[in-house]
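Each chain carries a letter (A, B, C, D, E and F) given by its place in the written order, and its residues are counted from 1.
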Amino acid sequence: MDDWLPSLVTPTPQAGYDLAVKLSRMAVKFTQPDPAMREALRPGYAGDADALIAASQVVATNFATIAAANRYWRD
Amino acid sequence: MDDWLPSLVTPTPQAGYDLAVKLSRMAVKFTQPDPAMREALRPGYAGDADALIAASQVVATNFATIAAANRYWRD
Amino acid sequence: MDDWLPSLVTPTPQAGYDLAVKLSRMAVKFTQPDPAMREALRPGYAGDADALIAASQVVATNFATIAAANRYWRD
Amino acid sequence: MDDWLPSLVTPTPQAGYDLAVKLSRMAVKFTQPDPAMREALRPGYAGDADALIAASQVVATNFATIAAANRYWRD
Amino acid sequence: MDDWLPSLVTPTPQAGYDLAVKLSRMAVKFTQPDPAMREALRPGYAGDADALIAASQVVATNFATIAAANRYWRD
Amino acid sequence: MDDWLPSLVTPTPQAGYDLAVKLSRMAVKFTQPDPAMREALRPGYAGDADALIAASQVVATNFATIAAANRYWRD
């Protein structure tokens, strides 16, 4: 796999949030490497409130890490 | 998408809590970008205790990040 | 909404725990603003062990934030 | 309610773990204050692996807080 | 109960991971003290992917605490 | 079991992420030590969105630990 995570440092909070979303999706790729399979699952969970909330939880956890890595963009 | 997250710093704890709610909702938008679809899901989970608690968990996780970013509004 | 969260600082750990419970309930209010609807859901989840444990998890997450904000009441 | 949480500081890690279990149970009491109701639920979740694991997650979260409050008992 | 948690400090990361697994299991013991009952539940959850992933989440949470207690074994 | 976790320090964020995935899988091995049994479960959860998201949550939690251990690769 190519270099998809060169750094946790981002210029802005919003770029940090985008990276948190990316990290969340990468974990799914590690467990289900087949892109067609992942695509087939998408309509199901994108229309399921429980799955959307659970995905939101993963993003929140990753965002906590990235925000700390960027010292909350306070510097 | 426009600049929806310029900073994690807020003037008060309550404004920080509001931002935590916003962050939680944005993650859902990333997974389900269709506003009509999200709106259609809302009555279901707003009337489901498990989903309400799960959403509350996401807010709690995001609030932890924002509170740390604001040094708990102690300064 | 009125000023319900003026500070994360509390005089004692127990008052901090009470605030964690309050924070957990506020997130539910943001998702389901109708008090009658929330009241209608209460008997269901108060009698459901899974929901009680999930609610306990939210309180634990919020208590972690408040305890850190109070430097664990060690000062 | 009487003073059930005077301090997060404990003499040993094991006493800290016991306190984490106590904190986890208190959150359940806040949501379901009726002792008879809680007792009625116990056989169900004590025999349900998913509920046991979920309860274990709450204890882990509370133990993280208490361990930090005690500076991991390294002093 | 005997002294099962004398310290959070371990000589190596792997010993810390073993301790995280132990902490995760102890929480289950607190909720379900009967060894025969716990043993009876094991085949069910050991063959259930959702339960295995949930157990893995508990270990991850406890490992975070132990790793911090050991300053990540960097000293 | 051989020495599978000599250090939490990794040269890059991506190597840290790989280690987070490894930690997540090791917890499953501790609960279900039989490789054939784990392999039999894989098709089920790899095709189940809820399980994929839950697995992603475990990786996010472990990545938080590893990122902190590496001081976010900022040094």
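By definition in this document, contacts are C-beta pairs under 8 Å (C-beta built on N, C-alpha and C of every residue); 3 or more make two chains touch, one makes a residue touch a chain.
According to UniProt, the chain labels map to these proteins: A, B, C, D, E, F = Hexameric tyrosine-coordinated heme protein.
Bear in mind the structure is a predicted one, so any value in this text is a computation, not a measurement.
Number of steps on the shortest path from chain C to chain D, with steps defined by chain touch: 1. Common neighbours of chain A and chain D under the contact definition above are absent. Overlaying chain C on chain E by C-alpha atoms takes a rotation of 120 degrees, rounded in steps of 5. As a whole-number value, the distance joining the C-alpha centres of chain B and chain C reads 15 Å. Taking each chain's centre as the average of its CA atoms, chain C and chain F sit 31 Å apart.
Each chain gets one centre point, the mean of its Cα atoms, and the points for chain B and chain F are 27 Å apart.
Across the assembly, chain C contributes 45, 48, 50, 54-55, 57, 61, 64, 68 as residues in contact with two or more other chains.
If the chains shown are joined wherever they touch, the resulting network closes on itself as one ring, and no chain has more or fewer than two partners.
For chain C in complex with chain D, the touching residues are 12-14, 17, 21, 45-50, 52-57, 59-61, 63-64, 67-68, 72-74. Residues 3-9, 23-24, 26-28, 30-32, 37, 41, 44-45, 48, 50-51, 54-55, 57-58, 61-62, 64-65, 68-69 of chain D are the ones touching chain C in the complex.
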